[in-house]
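You will see subunit A twice below: alongside subunit B first, and alongside subunit C after that.
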Partner chain A sequence: MVLKKSILYIIIIILILIWLLPIWTSFLAAFKSPEDFINQKFYELPSEFSLIENFKNVFSIYKLHRHFLNSIIYAVAGGTIAIIAASLAGFSIIRLKPKFNFPLFLIIYSGTLFPFQIFLIPLYKMFNTIGLYDTRIGMILFYSAICIPFSLFVYRGFYTTIPREIEEAARLDGCNSFKLYLHIFVPQSIAPTAVIALFQMTWIWNDLLFGMILTRSRSTRPIMIALASMSGPSGGTIIPYAMAGAIFTSIPTILLFILLRKYFIQGMVLQISNE
Partner chain B sequence: MARVDLKNLTKKFEDVIAVNNMNEVIEDKQFVVLVGPSGCGKTTTLRMIAGLEEVTGGEIYIGDRLVNDVPPKDRDIAMVFQNYALYPHMDVYNNMAFGLKLRKTPKADIVKRVNNAARILKIEELLKRKPKQLSGGQRQRVALGRAIVRDPKVFLMDEPLSNLDAKLRVQMRTEIAKLHQRLDATIIYVTHDQTEAMTMASKIVIMKDGLVQQTGAPQEVYDHPNNIFVAGFIGSPAMNFVDVTVTDRITLKNKQFELETPSKIKEIIKNNDLVGKEVVVGIRPEDLEDSQFVPEAKDTNIITANVEVTEPMGAEIYVYVDIDGVLMTARVIPKSKLKSGDVAKLFVDIETIHLFDKKTEKAYI
Partner chain C sequence: MRNYKYSFTSYLFILPAFLLVFIFLIIPVLQTFYYSFLEWDGIKEPVFIGLGNYLRIFSDDNFIVSFRNTIIWVVFTLIFPFAGGLLVAVFVKGLALENFFKSIFYIPITISFVATGIIWTYMFSRELGVINNLIAAFGVDKISWLTNVPLNTFAMLIAWTWQQLGINMVLFLMGLATIPTEQIEAAMLDGAGKWRTFIHVTFPMLRPITTIVITMAIVNSFKAFDLIYVMTRGGPYNSSETLAVTMFRETFTLSRLGYGSAISIILSVIVIAVSAIYIKRMASKDMLYY
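Right, the complex of A and B next:
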């Protein structure tokens, strides 16, 4: 029994180490000066602490902070719009039951059935035609649209778990449909909203493909494109700078997870029990 | 408070008729219990009165107002649900105050009303708690409180006690009855439990398959059931039914017994011309007694049968006997020594028996 447990723990520890190694070396690289990085073995500790210097260069040379702001705007605005639209749609589909509510749901949900890449060319053409190419509004619209199907799926599942009697009690108490949504459904949706916010904002934050295709200028391009372009067209990457940039770009998603982890776990349980 | 008037009320769900042409007047301050088995239409009726279910046909009046097309919130009613339906994200105070807030009641008034209701229901110390921190009984009190603060014309209660354990149910039964007296309110209460109906109601409406079978005061319904369904549904243990033939001598004869009839029954037989016909006789378990303990027992008022099982209840014993393949229940005094396998001689209190038509199942009067 003890032997079995020990073996199990050893396997777990090895897996953790394997997983931590690249993260650790990335961190280590971010702390090193470019010279140290070239001259030292990858596992050696830096001879001087260069993180701040690396960050300075990331901001002054690559202007990562500007793109950071773009991505914050896209993640917050896109995620928020998707959350509002999807929760309203989920409420309507489940509780107001308009005609063709299920086909409507399927049509919206079909957005997650196909690989996102198939939207690339049509979107690029459409954005060019209607003047949304290389605009922040265009990016916000795109990100909110792409996040709605999954968000709707989660909200729809969650709203089915709210007992019908609670809705009826609220209606007897004096709620119309909108007040019912606002006072009864929204306050109970913290957990699913946390899941959606975390998943979708992280997705928007990490998106490289659509940002690259649909934007061109520094004022609109999201951060991942800026991070990717740090490697330079001919491969002359300064690894410590790139790693410092990678750490910088990871801050929001890590913060978001720490902030929402309590609700996130509730939400995950909820989602699993729905499926 | 107000009276509720249901006129030709009908509800259809596609091809199924849930409530069929119901006519009922619920007087002001009356405690009316709609009772019946699952699917009899009692909850549908309540939901139509609440406005949660559309009416297919007929009219509902609350007070003098026709409310068919009035939304639930404007009907001046409050409803207590079986699963309490408390808002999980609000504390007890806000659960009770929510309806008043939506109606823009002044804050001071809300505080007063909620505190008053909390005092009546003895939940003052729970006002800051969330529903998940409450026991079933406490939740039910909050649900009642939410209805009370609204001071509605009519209270609607949909099986409010069925999620509680047996002991708590009995306790809350008394509390709701007390509440009715205290509030002087019109209450329409739905249950499938005939004991609740008997103990709480000032009027019982017994339903089956969407049709009202009988309406009346609990004792009246118990003593004079209209048909076999009502007779069997009201009363616990249920009434016993045996097929008998009315003989020329106006006795009730079965393979196992022949009962002499008293003048009251003779008159019923005469009025309905039952001589020579087969009828169903209904005998309540408490109208059967171990003949050893009844001095007036004689051959013409006893039933002899094999005892299948006995259930000592403490204050009485339920004796199950086999009459011509039908299991009958007798409630006999605890002194009785009857046990399974015995041949029991059961005295029948013939004055209280009921006669029913075998085909229509209606009671002969």
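Right, the complex of A and C next:
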């Protein structure tokens, strides 16, 4: 029994070492100057602490900080618009129940079914035609649109759990639909809103594909395109810079994860049950 | 008891969400469907060629390579992250340091596929990469992981597993939590060993979760793009492309908009067909209709 248990622990520990290896070695590389990196073994400690120097170079060569700002704007604005639009729609579909509420839900929800490739060409054409190509406003509108179906799915499910009696009492007090939404439903939706905000903002932050298609200049391109340009099969990669970049761009999502771990896992489960 | 007094307001509430999704998602789907019947470079007048693009796909060697790679992705994402996630979930459940162990496998989930690709490009790089230096200790020669076919696909699958395993682990842990311990104990009392209990009792009871994880693995591997784009750009010579990457290259590098559209339609049909299995399951449980 003791032997079995220790074998179990050994297997787990080996797996954990494998899982930690990329994190540990990429951090180590990010702390080294490019010279140190070439002259040392991967596991050796840096002879001088160069993380700050690497960050400076990453900012001056790849302008990561500017793309960082773009993506913060997209994540916050896109996530917020999606939350407002989806919660209003979810409230109406579930509580006001107009005619065709279910078909309307299905049409909006169907946005999550397709692989992203199916949107690319028409979006690219449309953005060029109506002047949204390479603009921040275009990116914000698109990111809100693509976040709405999942957000609606979550709100729709959540609003069914709010008891009818509260609604009826508010109606008797003369609440109209908007007041009912604002004063009764919004204050109760903190948990689902946290899940959605966390999950959709992380998604926008991590997006590569749409940013690549719909933007071209430094003032609009999201962070992941800039990060992807730091490494590639054609060579010329300076590994300590690339690792510093990978770490720098992961800070917001890792922070969110640490702060709101409970919601993160809830959201992941919802995302999966949504696939 | 439908109250039509609120009808106008209720549509007004749905309108913003509907408009955004309709303009940016639904219309593009219909357009892509139409484009897939065109011969079009995006500049000259498009020519209607009927099923021409679809017929060309099946005689295109490059598409066949890409399709084969996509199947490899599907098969191996089922083996590695699926089996790995299940094993880790069963292993860590109830251990003294369960939460600590779980956290280690969660960390990569929070990192983007782009950052994952960058980190693993370093791990697998030929001269200074971590893996080649590690295996050198055992006297193995340097390997060109990312330029060798099919090693490069295998390398990317390892990066994928590193990133995705935690999600499957979480799901399986949820599934395990729903299994009543009495059932397991009863089986053990009947003399079934740990392994046989797992095969005959635990695993069958995990079926709902297993269906989700398998569906998700298939759907996601058909969609795989970011990691491949970062690590190999689909190369060398398009040898590590999957359908999603081929579509991107045909469209935005070669300007074959009609052909790219046809590939994305085929991709969508496959993904939706697989998802339908899952959605049907959900609908049968009345989850869609609450």
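The working rule: the second predicted complex is superposed on the first by the 240 of 275 C-alpha atoms of A that agree within 3 Å, B and C clash if a C-alpha of one lies under 4 Å from a C-alpha of the other, contacts with A are read in each partner's own complex, and residues count from 1 in each chain.
Heads up, the rule we're going with is that contacts are C-beta pairs under 8 Å (C-beta built on N, C-alpha and C of every residue); 3 or more make two chains touch, one makes a residue touch a chain.
If you're wondering where the values come from, they're calculated on a predicted model, not measured in any experiment.
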### Query
If subunit A is used to align the two complexes, do subunit B and subunit C fit next to each other or clash?
fit
### Query
Counting only touches as set out at the top, which of subunit B and subunit C does A:154 meet: first, second, both, neither?
neither
### Query
A:139 contacts which: subunit B (first), subunit C (second), both, neither?
neither
### Task
Using the touch definition from the top, say if A:174 reaches subunit B (first), subunit C (second), both or neither.
first
### Query
Of subunit B and subunit C, which one touches more residues of subunit A?
C
### First, second, both or neither for A:194, with subunit B first and subunit C second
neither
### Query
Given the touch rule stated above, what does A:75 touch, subunit B (first), subunit C (second), both, or neither?
neither
### Query
So, A:86: does it touch subunit B (first), subunit C (second), both, or neither?
second
### Gap in Å between nearest CA atoms once subunit C and subunit B share a frame through chain A
7
### Common ground on subunit A, meaning residues reached by subunit C in one complex and by subunit B in the other
176
### Query
Which of the residues in subunit B come into contact with subunit A in the complex?
50-52, 71-73, 77-79, 81-83, 85-90, 98-99, 102-103, 146, 150
### Message
Under the stated contact criterion, what part of subunit A meets subunit C in this complex?
### Response
8-9, 11-12, 15-16, 19-23, 25-26, 29, 37-38, 41-42, 81, 84-86, 88-89, 91-93, 96-99, 101, 104, 107-108, 110-111, 113-123, 125-126, 141-142, 144-146, 148-149, 152, 157, 160, 176-178, 181, 202, 205-206, 208-209, 213, 224, 227-228, 230-234, 237, 239, 242-243, 245-246, 249-250, 253-254, 256-257, 261, 264-265, 268-269, 272-273, 275
### Summary
subunit C contacts subunit A in the complex at 2-3, 6-7, 9-11, 13-14, 16-18, 20-29, 31-32, 35, 42, 88, 91-92, 95, 101, 104-115, 117-123, 125, 128-130, 133, 146-147, 162, 167, 170-171, 174, 212, 215-216, 219-220, 222-223, 225-226, 229-233, 235-236, 243-244, 247-248, 251-252, 257, 260-261, 263-265, 267-268, 271-272, 275, 278, 282, 290
### Query
What residues on subunit A touch subunit B, complex-wise?
163, 165-166, 168-176, 179, 183-184, 187-188
